[in-house]
Each structure stands twice: as structure tokens, then as C-alpha cells.
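In what follows, structures are represented as C-alpha cells.
The two complexes that follow have chain A in common; it is paired with chain B in the first and with chain C in the second.
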Partner chain A sequence: MLGLLTHYPLLTALTALLCLGMVFGALLGFASVKFRTEGNPLAEQINTLLPQTQCGQCGHPGCRPYAQSIADGGAINKCPPGGQETIDALANLLDIESQPLDAEHGVEKESRVAFIREDECIGCTKCIQACPVDAILGAAKLMHTVIADECTGCDLCVEPCPVDCIDMVVRKAGIAHWSWPMPASPEHTNIIATDKEAA
Partner chain B sequence: MLSDYALLLVGAVLVNNFVLVQFLGLCPFMGVSNKLETAMGMSAATTFVLTLASVCSYLTYNYLLEPLGLTYLRTISFILVIAVVVQFTEIVVRKSSPLLHRVLGVYLPLITTNCAVLGVALLNINKAHSFTQSLFYGFGAALGFSLVLVLFAAMRERLTVADVPEPFQGAAIGMITAGLASLAFMGFSGLV
Partner chain C sequence: MNSVHTIHGGIHPREEKQLSRPGQVIDAGLPHELILPLSQHIGAPAEPIVSVGDHVKGGQRLAEDQGAVSAAVHAPTSGHITAIDMQPVPHPSGLTNVCIRLTPDHADEWLVLQGLADYRSEPPDTVIAHIRAAGISGLGGAGFPTATKLLARERSAIHTLIINGTECEPYITADDTLMQVAAEQIVAGAEILAHILGAETILYGVEDNKPAALKAMREALAASDDALGQQQVVSFPTKYPSGGEKQLIEILTGEQVPSGGLPADLGIVCQNPGTAVAVRDAVIDGKPLTDRLVTVTGRAVSHASNYRVRLGTPIAHLLALAGFTPGSRQRLIHGGPMMGFALATDAVPVVKTTNCVLAPTQEELPAPPPAQACIRCGLCAEACPASLLPQQLYWYARAKDQEQLEKHHLFDCIECGACSWVCPSSIPLVQYYRAAKSHIVETRDDKQRAERSKGRFEARQERVEREAAERERKRAERKATAQQKAAASEADDPVQAAIARTKARKEQAAQTKDAS
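After this line comes the complex of A and B, so read on.
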């Protein structure tokens, strides 16, 4: 074998390249097993940006399926609870242009929380079944109440209530939620001094 | 000894900058410099690949090709080495940073054809660099590439809002800016 290789330099070259290729192939094979990706990590990142109201206003059964559809290239402007802020964050993450909220799926409202007028509650448990995040406490024929911190303000419990005792009230801005109001932005932001002169 | 490596590094970054002085790797230089963030991602990926490829091709040349007298196979072997390093990087990046993987998109596999990578590998052989010298030379070349790419991306971001005459808008002003930047880098010649 060795004699053959020394007699035919071409064979040496071929063998060397073949060995090189085999070593590299083994390395890549090992890497692809070692660094295997489960599912779609991008959908996970998108999901963390969504408001997790699970309200279904985007037409998907929850935030996770919506995140999956965005990861597959779907529109990013279908989430009214998240509002413009979420759309901007998504656009930034995906490195695409931001766009206004699609009015077809609802309009952006202030953050709300469900409130059950407890005197009127008959204990039917229908709102408990409707709540996507299990934020309503109570049992059959007993009064229900909303855990305000868990409530995402998705409105889904209002419709099923037979006695209409659920109100959506505006969430009061506490110290934890209050933020300085944004200044009104001018039409065009002037970045370069010469632009200001032209305007 | 240490100053030798410092000189090698400065030489590769500034004096013999791969993009603006030796005109290697112009495709990603023009292609990925539209946005600063993308340019930084591309720089990071290229730095990793370039350094690793420089070292790997040195090892391949000195421990496989030269003992067997197959130095004429260096170009094809280096291409093989670079392709593997890029593929390996892609697998790792896909796992560790899916966003970067998405942002880099087609450019990550395109590092394979970034001639700066092959250029560094071949120049290492031509200049008879040692192992550490190859490492520093590859790293320096990558740093120079990153520096120029990030600088240029920052300039292009400003150019998009500047009042450019109509015939020069878009790629044209980019080319002119690249030419001016190249002239500026010529000023470094004779530094080392």
C-alpha cells in the first residue's frame, strides 16, 4: 500500500484530500448532534415580547401560537393589548420596519383589569371557564373575585357572565407601573444640521 | 517579542487593511454595511471564522500538506478548511443566538466566499508565519475588517438621511465613500 502511494504521487494527493474530508465530515457530524436545536428558538424570543394576555384578538388561540406565526413570517401588527410598543419591540427584534397596529384586530386601549361586582355575582363559574390565565377565584354558587395582579385585561370573561356583573376598569398607575409620558414627537426628526436648514 | 506581535497586529489592522488597502472581502463590505447592528453581527462572525480558519489552515499546511509534499494542494485544502469552519460556526450560532443567525441570514454561508479569509490563509504561507503569528495575523485581519465594516456602516446610516444629489443616491454614494475611506487608510502606509 505504502509502495503504491510513493509510486503514484497522485494517489497520495487523493488519499490526503479524502482523509481531510473524512475528518472534517466527522467533526461537522459531531457538531450537528452536539448543538442540535430543539423547536424554533426565535419563536421563544418573540413569545417573551408578547403581553401574554392570551386574549386571542390576533386570531390565534394564544400568544404562543401567534409568536410561532410571526416566526414563520406572519404580520407583527395584530396584537392590540401589546399596542405600538410591542410592535416596535418585535420590529426591532426581527430587524424589519415597524408598522401601525392593524385596526381589524382591535384598537389599543389602556391597561384594564376585570372587576366583579360581588353583590351581584350568582356563582355560575362561567367567567372562570372563560379566563385564559386562571385569574378568577371562586366555586359553584359561591361568590367569585378577580386576582388583579394575574388579570391581563383581555375582556374574555365579560361576555359569558349571565348577570353582567363584570366591569373592565382602568388599571390605576401605581409607583410600579407609572412612567413619564413621552414628549410629543415632531413630524421629522432632524438628525443632521443641514436638514434643519432645508426645512 | 511582544512588540513583534503588536506590530503584526497593527500592520494587519491599519497599514495593510484587508478591505481598504488590499481590497479583499468587498462583497460583505458593501452588502452588510447598511445597518450598524447587522454590521456588528457580521463583524463578530467574520472575526471568529477568520481567526479560526487562519489557524486551521496553518495546521493543515504544516502538518499535512508539507510533510507529504502536497503543497500544490493548498488552495483547495484551504477552501475545504474554510467551508468547514463556516459550517461549524453556523451550527454554533444557530444554537447560541438564533436572532444573529436570522440577521446574518445569507451572509453567514457567504463568509465561505469572502476572499479575505482565503487571502489570510495564503498570505500566512507566503510570509512563512509561525503558529502564533498566523493566529495574530488572522485576528488582526479580522479586526481590521470589523473596524472598517462598523465605521462604514455608521457612515452609511448617516448617509441615508443626508441630502445627497439624486444621481449619487444609494449604492453610488456608498462606493464614493468607500473610495474616500480607502484614501484615508492609505495614509497609514509607512507606519510600521
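After this line comes the complex of A and C, so read on.
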């Protein structure tokens, strides 16, 4: 055998390549079984960028399905709660051009939270069934209330309420939530100080 | 310990300290109404325990502290509670917040105050409880509840207490004045704080532009019984912002507080002299924090001075005392010219963190000219006392690149304003950092919230599916049992039996017919 190989260098090379191929093939085969990723990792990554409001404004039943649709090549500008910031982050992740929010699905609003006017609530449980994150407490014929910290402000409970006792209120109102505004960029200011004086 | 160290950067703005004649205190008297915000400190707002119409005495608690980081509010004099409502408060937003309004009856009747007879024989927790009950929060400017700060002793061993009499910001002389008129009380307060913390050393850091204060402090120290033995007044060259907590620690000890860390990690706690006096009053006399020294200064007032002011006194009252003549486009600044903020109205009250009210003329402190483009000169990096790269932070803040901002230690910025002060393009750098900081905090918050709602949504989804499967299973089960029953009862089904009987009878009848 050894003699045969030394006499035919081509055969040596072929054998060596074959052996290498077999070893690496086995290695790859093992790795593909051992390190298999379940599901689509891209959809998962996209999902972490979405605001998880579960509001369905994008036309999908929740953020995960929307993430899946984006991973499959769908539009990235259908999420009003996430707003422009989310669209930019998605464009960055997918390395595509960012787009403005598609107004067909709604406009960007401040974060809101549902508030049940409790003396008007008749205890029909319809909002409880509608809430995608189980943020409403209550039982049949008993008053319901919203766990404000868990509410995503998705609006889904407002429609089913037969007595219209649910309001959406701004989550971060008042002095405790105030923050310094970003200054206008210098390019947009008047360079000549006297212009400002006159105004 | 005798050598003082130096910090990176820093600036030398015009001091203007003599304007308010440090060392002189004028009593501001009683205004016609006191406005006491429930949130004069960092942390949870206090909860009112009085109602409208109540008559209260001086020193009576009006609002209870809520949770670990909070401070109570007390009545600065006797009178009637006239309202608990939204009032403008000293805040950069110019927004309103909940305040208790008290109309003094001018009798100035006080509760009988009860201090601790001998704090040295009491356990630290009892003394801290006294400080908490007195509603003391840091009087230096940040307003962190003092009792909470003292709990640092539970996390790490404290060896040094620093009394921060630096007062490096221009114009302000409240601490300077306090050191001149109440040096003994400061030393007594510092000794109480050191007793609580278990600190062996007390350092009084004072900038060398306050010779009178230095002298008074040294004399008070010499006169004190000095039970600790390790007390020292340290004077060091004037530079802004040496009074930053982390900066002062570096100046006095040469050690740097680690990024994202607290002075307690080095075994050090810093307190303001005013806080030390408040602690002394609370522990020895049982007196809650109801007044403070406020510098009223600027060239738009004729009697710039330091005033002893009851908390809740409207700033308009103070300005009237100081002979304020507003000019055109008059600005009012709460705090100093570097770190203070403009007030929207003079109806706001003096709160625990009000160290200065500045009423400058237009020529004295002109409004900043419009910002121009950054020319990358690097002056800001030279001035930064925290050794940051303000210019890079500026670009990243504009690009909203949060990752890079955090990598460049945005959160180590103490917002001293030295970078904006030196900027030849007048870029309001600090405002960019403040906005970026709150934006990052908000994003973090949103991420956390999203993570939680995702979990809840998935849990609900799972439950809905499980319930549907359960229903399906039950239906299948019911169907199966029904079928089984049908199969089992096929034999003795009465209908079938009746049909069979009829069939049999018919057959029988047919047979008999055939037979016949």
C-alpha cells in the first residue's frame, strides 16, 4: 500500500484530500446536529427590537408574528408604538434603507396606559379577554381594574367595552417624568446674535 | 494627609462672591404664605398627613416620608393649612407639583422639641431614625435624603467623613457664611455624623478663597473637645468644580471614585456643612429641618446678602427684601450661574436644595449666544474634571448612539458645565448630555418593560392554547363516551327492540297467513 502511494503521487494527493474531506465532513455533520438553532434566529432578533405592545396595529396578531413577517421580507414600517426609532433600529439590523412610518397603520403617540373608570364598570370581563398581556384584574359582575405597570397601552380593551369606561391616559405625565429636551442643532439656529436680540 | 492633590481640568470663572458679603446673615422673616412642595429631595414624594383647614404648630410633621429614599416635610411656623394643590416649584421644567400651603398666624408657636440627651451612648440606628424624622436631605444642591446616605455604613466600612465646604460655584456664599457664623455647630454635626458612620477621620475641605471661613473653622476645631482626635481643616486652591463630591475626594485623598461607583466604595462619605448643622439641630435639639441659608445675589438686587429663610418662603418675598429691580428680559436663576437653572416665575418657594437665588442684570450674565458648529478644538476635553471626552459625547449625543455614549462614560459626567463654559462655539454641551442621559434611562426602562410584556404575552398565549387543547380534549372525550354508550346499548335499545318485535310479529302474521 505504502509502496503504491509513493509510486503514484497523484494517488497520495487524492487519498489525503479524501481523508481530509471525510474528517471535516464528519465534523460539520456533528456540529450541525449539536449546535442546531431552533426556529429563525433573525425573527427572534427582530422581535427583541419591537416594543412588545402586542397591539396588532401592524395587522399581525402580536409582535412575534410581525417579526416573522419582517424576517420573511415584509415591510419594516408598520409599527406605530415603536415609532421611527424602532424602524431605524430594524433598518440598521437588516442593513436596509430606513423608511418613514406607514400612516395606514396609525401614528406615533406617547406611551399610554389604560384606565378603567371603576364606578362605571359593569364587570362584563370583555376587556379581560381582550388584554394580550393579562394586565386587567377582575371577575364576572365585579369591578375590573388595570395593573398600570403591566399595561402596554395597546388599546385593545377600549373597543370591546360595552359601557365605554376605559380611557387611555399618558403614562409619563408630570414633573417626575420630565426630562431635558435635546437642544436644537446649531445648523438650525441664527448665527448672527443680533437676529435673536431683535426677535 | 496634609498634601492636597489636584484634579484634571477645571476652570476659573469670575467669582463674584464679595457681592453677597459673606459672613452676614439677615433674617428673612415670615411671608404671608409658605408653599411647601412634597418633593424637595431626590426620591419618592412625601405623603401629606394634614388636611386643609388644620391648625399646625411649628416643627409639626406635615407629610410623611415614603419608602427608603424620601424625606418628611415639617411646618416652619404655626398657622393654618389653606390648600394642598399644584403650585409652581423650583424645577428646570417650570412645571407645577403638589404643595402644602400654610398661612402663618404670626404667633410662631412651636411644638416642644425633644433631642437625644447623649447621642454617643445611642446605637447609630436610633440617631439615623432621628435624622430621618427631621426630614433632612442634603443641603448642598442634589438633595439626597441624609438618613439614606448614612446607611452606606451597612454596605462598606467608612473611615473618613468629608465636610464639603468648597462652594466652588461663583456667586454663592451660603456655606461660606455658615462656616463663619456657625462653625461650632458644623463641627458638632460632623462629630455626630462621624459617630453614626464609625469614621475615624473628619476632613473639612474649604477653598482658599474663603479665609474668614477657614479661620472660623480652625478656631472651632481647636475649641471642640475633639473626642475623635483626627479632625482637620484642609485648604486648597480655588478652581471650579472642586466642590463636586468625586472631585473633592480626589483633592483631599488622591483617590478616585471608580466609574459608576460611590464614595462609600472608598470608605468615604461627603456631607455639606449645612447638612451637618441640620443634623446637629435634629439630634441635639430635636428640631426638624425647616429653614436654611440662601444667598440672594446678582446686580439686579441692591441688598445682596445671605438670608436665613424658612422653607416654603416664596422667592418673590426674598427678592423684595433684597431690593430687586427687574431689568428688561430679566432672568432669575435657582442655584449658581454654572449648574443652576432659570426660573419661570418668582412665585416658586425656597426648598431644601435652594442655596442661591441669582438675579443678574443683562450685562452681567448675558444670555448665551446662538450655538455654532463644533470646530473640534478640544478645549472641552481639557476642562472636563471627570477626564471625559465632551466633544465625542456631543457627537454621539446628536447621533443618539447610546452604545458609544455609555462606552465613553456619559454617566460619569457631573454636569458641571465647564465644557460649555470654555466652548468657543457656545454649544450647550451639558444640555445634550442631560437629554442623552434621560433618553438612555428611558430606553433601558422601555426595554425592560418590553421584555416583561413579551413574557406575559407568551404566558397568556400558552395558557390560551392550553385551554383550547383542554376543551378539545374534553369534547373528544364526551364524543367517545357517547359513542361507546351507543354501541353498548345497541342490544337493549328499546326502539330497536320494538322494531324487532314488530318485524317478528309481521313475519309471524305472514307465516300464519301462508299457512292458512
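Note that in this section the second predicted complex is superposed on the first by the 160 of 199 C-alpha atoms of A that agree within 3 Å, B and C clash if a C-alpha of one lies under 4 Å from a C-alpha of the other, contacts with A are read in each partner's own complex, and residues count from 1 in each chain.
Assume a residue touches a chain if its C-beta (ideal position, glycine included) is under 8 Å from a C-beta of that chain, and two chains touch if they have at least 3 such contacts.
As the structure is a prediction and not an experimental result, all values here were calculated from the model.
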Pick one for A:W178: touches chain B only (first), chain C only (second), both, or neither. second
According to the stated criteria, A:S32 is in contact with first (chain B), second (chain C), both, or neither; which is it? first
Give one of first, second, both or neither to describe whether A:V170 is in contact with chain B, with chain C, with both, or with none. neither
When the two structures are overlaid on chain A, which partner does A:G62 contact: first (chain B), second (chain C), both, or neither? second
Using the touch definition from the top, say if A:P9 reaches chain B (first), chain C (second), both or neither. first
Based on the superposed arrangement, let me know which partner A:I96 touches: chain B (first), chain C (second), both, or neither? neither
Does the superposition put A:T152 against chain B (first), chain C (second), both, or neither? second
Taking the stated contact definition, name every residue in chain A that is touched by chain B in one complex and by chain C in the other, in rising order. 191
Please name which positions on chain A make contact with chain C in the complex. 47, 50-54, 62-63, 111, 132-135, 150, 152, 174-176, 178-183, 185-187, 189-191, 193, 196
The chain B residues in contact with chain A across the complex are 35, 37-38, 60, 64-65, 68-70, 73, 76-77, 80-81, 84, 87-88, 91-92, 94-95, 98-99, 102-103, 158, 161-163
Write out the stretch or stretches of chain C touching chain A in their complex. 39, 45, 89, 91-93, 95-97, 369-374, 397-398, 425, 427-428, 431-432, 434-436, 438-439, 442, 446, 449-454, 456-457, 459-461
Chain A residues within the chain B interface of the complex: 9, 12-13, 16-17, 20-21, 24, 27-28, 31-32, 35-37, 40-42, 45, 93-95, 191-192, 194-195, 198
